[in-house]
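So that we are looking at the same thing, I have put the structure below in structure tokens.
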Amino acid sequence: MSVETVVPFVMVLIAALLPLSLLPVMIWAERKVSAFIQDRTGPNRAEILGIRLGGVIHAIADVVKLMSKEEMTPARVNRFYFVLGPFLALFVPLVSFAIIPLADSLNLGGTVIPLRAVTLNVGILFVLAVTSFHVYAVVFGAWASNNSFTLLGGLRSAAQMISYELGLGLSVVGTVMVAQSLDLGRIVEHQGGTLLGFLPAWNLFLQPLGFLIFLVCIFAETNRNPFDLTEGESEIVGYHLEYSSMKFAMFFMGEYIAIIGASAVTATLFFGGYQVPYLDTDFLRAHSTGVLRVMLVSMGAICFVLALLYRRYHRRLTALYHDRRRNEARMLGGMMLLMGLAAVVALLFVSPLPEAGGQVVVAAVQMTTLLVKILVVSFFFIWIRWTLPRFRYDQLMGLGWKVLIPLALLNIFLTGALLVFSGRT
Amino acid sequence: MESVLFWILSVVAVASAVLTVSRSNPLASALSLTVCLVAVAGLFATLSAHFLFIIQLLVYAGAVMVLVIYVIMLLNLKEREMKALGLSGPRVFVSSLVAVFVVALLARAQSGSGGFDPVSPVLDGSARRVAEIIFTSYVYPFEVVSILLLAAVVGVVVLGMKKF
Amino acid sequence: MIIGTENYLAVSLLLFVIGAVGVLARRNLLVVLMSVELMLNGANLAFAAFARARGVLAGDVIVFFVIAVAAAEAAVGLAIVVALFRKRGTVNLDRFTSLHQ
Amino acid sequence: MAATERKKTFRFSEKREKEIAALRGRYEYPQGLIMPLLWMAQYDEGWVSPEAMETIAEICETSPAWVYSLATFYTMFELERPIRYQIQVCHNLSCSLNGSESILAHLEKKLGIRAGEATEDGRFRLSAVECLASCGSGPMMQVNTEYYEQLTPEKIDALLEEFGRD
Amino acid sequence: MIEQVRHLTARMGKNNSPTIESYRDDGGYETAMKALAMEPEEVIEVVKASGLRGRGGAGFPTGLKWTFLPKEREKTYLCVNADESEPGTFKDRLILDFDPHLLLEGILITCHALKSDHAFIYIRGEFCRPYRRLRDAVREAYDAGLFGDNVMGTGRTLHCTIHRGGGAYICGEETALLNSIEGKKGQPRIKPPFPTNHGLFGKSTVINNVETLANVPLILRDGAEEFRKYGTEKSPGTRLFGVSGHVNRPGVYEFPHGIRLIDLIEDACGGVRDGNALKAVIPGGSSVPILTADEARELILCFDACMAAGTMLGSAGVIVMDETTCMVKALDRLTHFYGHESCGQCTPCREGSGWIAEIVSKIASGSGTPADLDKLVDLGRQISGNTICVFSDAVSMPVTSFTTKFRSEFEDHVNGGVCVAKKTTAATA
Amino acid sequence: MIGVRKIGRPMDLKERSYLVEVARGLAISMAHFARNVVKQDEMPTIQYPEEKRVLPERFRGRHRLTQREDGTPRCVACFCCQTACPADCISIEATEREDGYEKVPARFDLNILRCVFCGLCVEACPCDAIRMDTGKYELSGDDRGSLIYDLNTLLKD
Amino acid sequence: MAKITLNGIEREVEENSYLIRAAARCGVHIPHYCYHPALKVEGNCRMCSVEIEGVPKLQTACTTIVRDGMVVNTESEKVVKVRSEVMEFLLRNHPIDCPICDQAGECGLQDYYMEHGLHDSRVTVAEKVKKKKRVDLGPNVVLDSERCILCARCVRFCKDVTGTAELVIANRGSHAEITTFPGRPLTNDYAMNTVDLCPVGALTSRKFRFKCRVWFMERAESICPGCERGCNIYLDRFQNEIQRMKPRVNPRVNGYWICDAGRLDIDWINTNRLLRAEEGGRPIAPEESDREAASALSKGDEVLLVASPSMSNENLFALKKFSEKVLPGSELVGGSFREPWEDDGILRLPDRNPNRKGMEAIGIPTGIEKALATSRGTVLLFENDLLGDQPHLGAKLEGKKVIAFASNRTATVAAADLAVPVTSYAEMAGSFTNHAGRTQPFEPAIRPEGEARPVHEILHRIAAFLGSDLNAASFDALRSEMLEKVSALSMAVPDGREAEHVG
């Protein structure tokens, strides 16, 4: 098997596993961030051998709970669609990951290996197409539940998503025009380098209006606050009212995967994707050994700082608990210390890297960068949720049709005009 | 690889088309149709008509069918009514006769033409290429279609009003 | 096996015919509309296949227009269905006979 | 008082019966005789016993309870037991102005009982009473039926000694 | 020194004055003979002309009262109210003790006037010697044929029954007295109907005080004009004033109406004890409003002048208090009496008089509060006016007058001040 | 007639764009977030089973029946609490006692499962016999019967 | 008629009536304690003081007789003030007993305090006069002297109504209290009416003592089944149990009173009930018992139906109809099985069967002895305890099939072949016709427990088993049919009641 044949499979695997592995992190973050914003501590009680990881273990507990709960199917539902709903809810968002470039293509002795699962010349349109399929999940689930409330939720959801798809599509046009391509790879490449010498050449700065519209629309598309009218637990009760156990969990997970996917698309389109600010691929590849060293140093530093923090934490724990939980900080601190030491030791053995190795290191750095950007945008999703109140339905529709779409059209016009006047066509 | 894809997609397309027509539950029909449309989109992809592929997904599967399903749910037909509106024997018979006639007609026409050229793999149906043609040779039809869409939007809004 | 244009045409033909049967045989207005879409798809496939066969992108362009028109048609058609349903309480085609005369 | 304890019955003496017969004509209804009869019973026995009340009720054609209510309403009827010397010290305003409180205190000390109580042997009963219409010669007291006026502690000592003798 | 006018008390001080022999020696029962020869209406006219007013307390014209009897009546009773229980009053006892036949002659005449054949004398239960003397006098009178089926040979019937009370102040109230005779509890009746229409045993009844009836023979003997020579226009005749308290010579004095109170105290009674200053006087028995020394100096002792001075002549029991008297203590004595004597029929009186007694006693003992004083004043007002008889007013009047006229002393008691009369006899208990 | 009055609140452009206000809102929530991340110790959360809240003086916990000095219940079975109870959780049976107090409860059942902890029974009690000052709020049991407290249980605290 | 002006409104009132009564007739309630329409006027509570124009002092409305042209104000400032003051006096020695007092909830002091008092208490506990509590006045009445306001209603009742004068007020002033003569308890047969009369909680019923708070109870209007007087009563229920019986005012029948024997006879309603049908002591389902009864009746042999004069008119009528329509060959007789008692000259009448007149009117003949002697087949006993009450007749049941329709477990039930539970009078609607021929309706006070149903319903069901329609399932239909057919039973229109009085 040649590298060319293996890499796509690996990439598909990564594209599928990346959001799935981020899922528990997201759930944890959602709870923890919401708690902190509301001056609470959030989840912190589930433990394995005293290890709680600040509540991450709750994700496991949740899974166990959801899987062991009774699976209920209401009477007189359309079973096929009832199952199809959660299935689509989980897998449709997963697909959009396939097209995100995770790092610059490897160029191993002439063979170019794109580091993404699927390469399509209509890239961005694919994302839009896949996103539009998300609505089926909601609609089928809602309709199949044989319940007026879920149906209402479903209808609202369908109308909302179709409406905002328009704005979404139109807001992206600006970036496409700037990058002169629909291909996400091209769009990311175009965001390398700097703007006016000090800003990263991100579309965020080139397309601020487009970004805003995109952001609002992507919130609506993922049914997140302040547009979570589909769920609307305080009024109509959402489309997944009749779901329980794992089927509910699939909706639940689907929502977070959609957020991660949306974050990835946002990062790719507007935050320079895998691009490390100021440092383009060529520069990084040229200094790959230095990059590795810096990485190890910073990793070591982070580990040592964490170890120190855990030491302090240990004191608090021993004051509070009298069981095995009090040992958690010490164990984690030790681990951090070991990891830090490992980084230091590794630093001692770093030697100039070969070309291929350098490229892999750079790819890793770029993937990390993308990951960080995804997490930042995801954090923003959560942050917004605990800041803004929910929209009224007519406000939602008014915003979509009367504000965002005209603004998006204006954005296209302005971008076009600028492009024409700057002579970049 | 391509051929396998083709067969799979065409079988799915035809099968789901049959289901579309035969299912009494309109939502089932709609879902089948969606599957069919996705399959056809796949067929477009095998023809390397990438733009069509994505347009098919985006417009047909993503928008039109959602609209159809939306309306189906809105009307929320009762089970009994759905059954009453299912296929009926005589109609199927008559329409099948017509269908057979059409197929025979076309088969005969094709046999007269003497075969087709093989598919040209070099033709790239990417968005860029299609756009170039549309905005050059076909710019007037394009504008006409956009006016048509506008008219349709206005028409739908008027139809959707309560008083109508 | 090489997939030729005729294979695509065959699929297209089948889709078209099935759609036609649907239009003729069904009385549910919604299904009839969907069958029309089916027929359009059959046609589209034929256009795309011929475009490949001829090496001209005009086929793709036609498909593009057809899809656009189909979208418009679906929108208007569904709006009419909804309006009719509101007035008559049914989607049964046989009941819409006021223009028979 | 449980009914079983009271086996005795009360009868007026024949002399009294005659008196009663004479009085009967004076009162239009027999109930009017209740007070005179109560007085007679008290003269004869030194107190008004429950048996006497029942007998009176019978004579007066009313219920014993009715007689009882009268006997309790009027303070002069002795309902508990016979007492040899009823010492009643006026302590109303006029006598009080002239020092009846000290007289009462003196008596309490001498007899070893409080006003309103009787000595254990049943000889003396001391009570502070309201005006006995001898305001001009206060402080005064009444022992049984006799008035003793312009009292001083010395006078009382002498009197008690006299009572103690018989 | 002013001289007493001895009409009622003319025979007092004589030996054997209570006996019929002694009485006859002094011309007793001659008036009765004279009167029995007269028409009853004539007798009433004479009494009316004399202007004799009731000596029991209310001062109602006696002759007028007699005329209230309905013309058509089944039977008439005369009831003599000898239930003298008002603290400070001891005049009737004097008559009963020393001149019972004067009363009996009055009864004879009155019964003739009223066409009554039965007189009840309701004598106070505590009166033992008076009861004995009265009983003996009645016996003598029966033996002498003054009472019985053939009164003085006129062939008329007149009985006189002594009904002995049992120790209840309230029986001095006329309807209570009637109830008591009827063998009920001595609780006042609701008026109307009045006793003249529906009295003893449901028959027409006239109730008169001992002193009033004792005046009747004198009026008939001497004539109305002679009677009117003494006293004032509205209050003719002489009066027995029982003076008690802090005077040098307490006792019963007979004076015509209209003498000055200060003369009575300073002159007749030899002035206030120990030469102390006068502090207060209750002029007509304990239940009339008290007077301060200044008011007392101005007071003329007749019905109308007393009314004008805001008090009442009442039963003419004058209680004198000198400067050493603690007024709270004095009121405590009185309210204690009233608390003890309320008949318990009407709610305000039953609960109020006991309550007032409690409060005054609390204040007197020094554990009262200003709130108690306010409560006392309030209750004094609340209790009066809404009961069957006037007992509640009798409670109310001293309470109200004491607390208004000697407010500062009460305030001293509730505020922990010094009692003005720490060393006096009145405050020693 | 009930009507709806619409109150127009004119907004200027800054407000109408919402962006500034949204940003301010985000700043506020971020401030909270950041503060709580940095100063986790100062968060007001109490780690419940390990740490326990100091109850306010008037906290309404489980009921108890008070006793007189001689150990008898103060309750005189007046039914005021039963009358006042909106949840109908108290049921009393009165009886007479020959010695001492006239009326005493023969039975006093309090169904804590029904109780809404409104405290009206305490308000209603004329004898200060029922109180909710035990501070007990961890009320659980294995079966329903164990959560119906009887006279003796309620007297014990 | 006299014209008076009452609170500014001119009214026509009866001449020579007491003002309080005249005002009550005009709908003006004058608060009072000692006044009671059935007792002599005493005027001691002073609550009913009113202002009469031209009279300086307030007058008690209960002692004042109306005069033409009288101008009366019952709500003037002065009157209201005096009322509040009197309330203060009344409450002065009243203990704070409401929590343990049975009267709480229907107490005159509570009511008027809320209406006319509402002053803060100025009495300290030390100032109160302590009196005896929990005094046994007699077997049925308990006295609490502290609570007594000495209105003397009970005293007047015992003196004037029963003439026994057991109760008196002893002592005087604030120490006055109600008492009996030592050793002579309150034993007359109407003693418990004093409990009703008592406007406060001084007199309480021993039976009802501490049983239930009055505000929990709901009442139904009923008729006492104790004797043929047909006294009007209230049945007070709580938790589907009869808690007590109280007299209901009806001047034409019982006035304000009922006798104690009737009043205390409620325990049998709550205890020892037959709740399920029993066949030889074995419980069976209602349908089964119906079928059983029907099969016993359909055998064609002689059937004797024994009605009881304790049954309601409606049940008797249904029974009559049953015997005529469903079992034409059967014999229907009525019997009295309760020993007569003495006529006490007040309310109690000798015949202890409440509905003998009704049975006569419906046309059910007597003659049970003869009928029993001649009958051979099945005997149906309705609300008759033949074995328990009249054993010599019970012996004649030997060897016959006995079906007993009974509300309680009696000796007859125990011996019967089939026992069918029926409702007592407290659980159903119906009517009794009293000695004077007055038909008085009563309403159900409680729900029937178990499977007990009214006789007419059971008869209807049995008739259905026998194939005929008795048309007796609906009570209303049955009653109207009865009223139509038996004209003697026309219902008495409920008598206009006096304005309700305190206590």
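Each chain carries a letter (A, B, C, D, E, F and G) given by its place in the written order, and its residues are counted from 1.
Note that a residue touches a chain if its C-beta (ideal position, glycine included) is under 8 Å from a C-beta of that chain, and two chains touch if they have at least 3 such contacts.
Everything numeric in this text was worked out from a predicted model, so none of it was measured.
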| item | value |
| --- | --- |
| Target chain G, source chain C, minimum contact steps | 4 |
| Steps needed, at minimum, to go from chain B to chain F via contacts | 2 |
| Centroid-based (C-alpha) most distant chain relative to chain F | E |
| By count of C-beta pairs in contact, the leading pair of chains | B-C |
| Nearest-to-centre chain - CA centroid comparison | F |
| Chain E-chain F separation of Cα centroids, rounded to whole Å | 70 |
| Centre-to-centre distance between chain D and chain B (centres being mean Cα positions), rounded to whole Å | 126 |
| Interchain centroid distance [CA atoms averaged], chain C/chain F, Å | 67 |
| Computed distance of Cα centres, chain G from chain D, in Å | 49 |
| Shared interface positions of chain B, touching two or more other chains | 51, 55, 63, 67, 74 |
| Junction residues of chain D - those touching two or more other chains | 62, 69, 73 |
| Per-residue multi-chain contacts in chain F, two or more chains | none |
| Complete list of chain pairs which touch one another | A-B, A-F, B-C, D-E, D-G, E-G, F-G |
| Interfacial residue positions of chain A with respect to chain B in the complex | 78, 81, 120-122, 125-126, 128-130, 132-133, 135-136, 139-140, 142-143, 151, 154-155, 158-159, 161-162, 165, 182 |
| Of chain G, residues touching chain F in the complex | 96, 98-100, 104, 133-134, 209-211, 213, 215-216 |
| Chain A partner contacts - residues on chain F that touch it in the complex | 19, 22, 25-26, 28-30, 32-33, 36-37, 40-41, 43-45, 47, 50-51 |
| Touch list for chain C against partner chain B, complex | 1-9, 11, 13-22, 24-28, 30-31, 33-35, 37-38, 41, 44-45, 48-49, 51-55, 57-58, 60-61, 63-65, 67-76, 78-83, 85, 90-92 |
| Touch list for chain D against partner chain G, complex | 1-3, 6, 50, 53-54, 62-69, 72-73 |
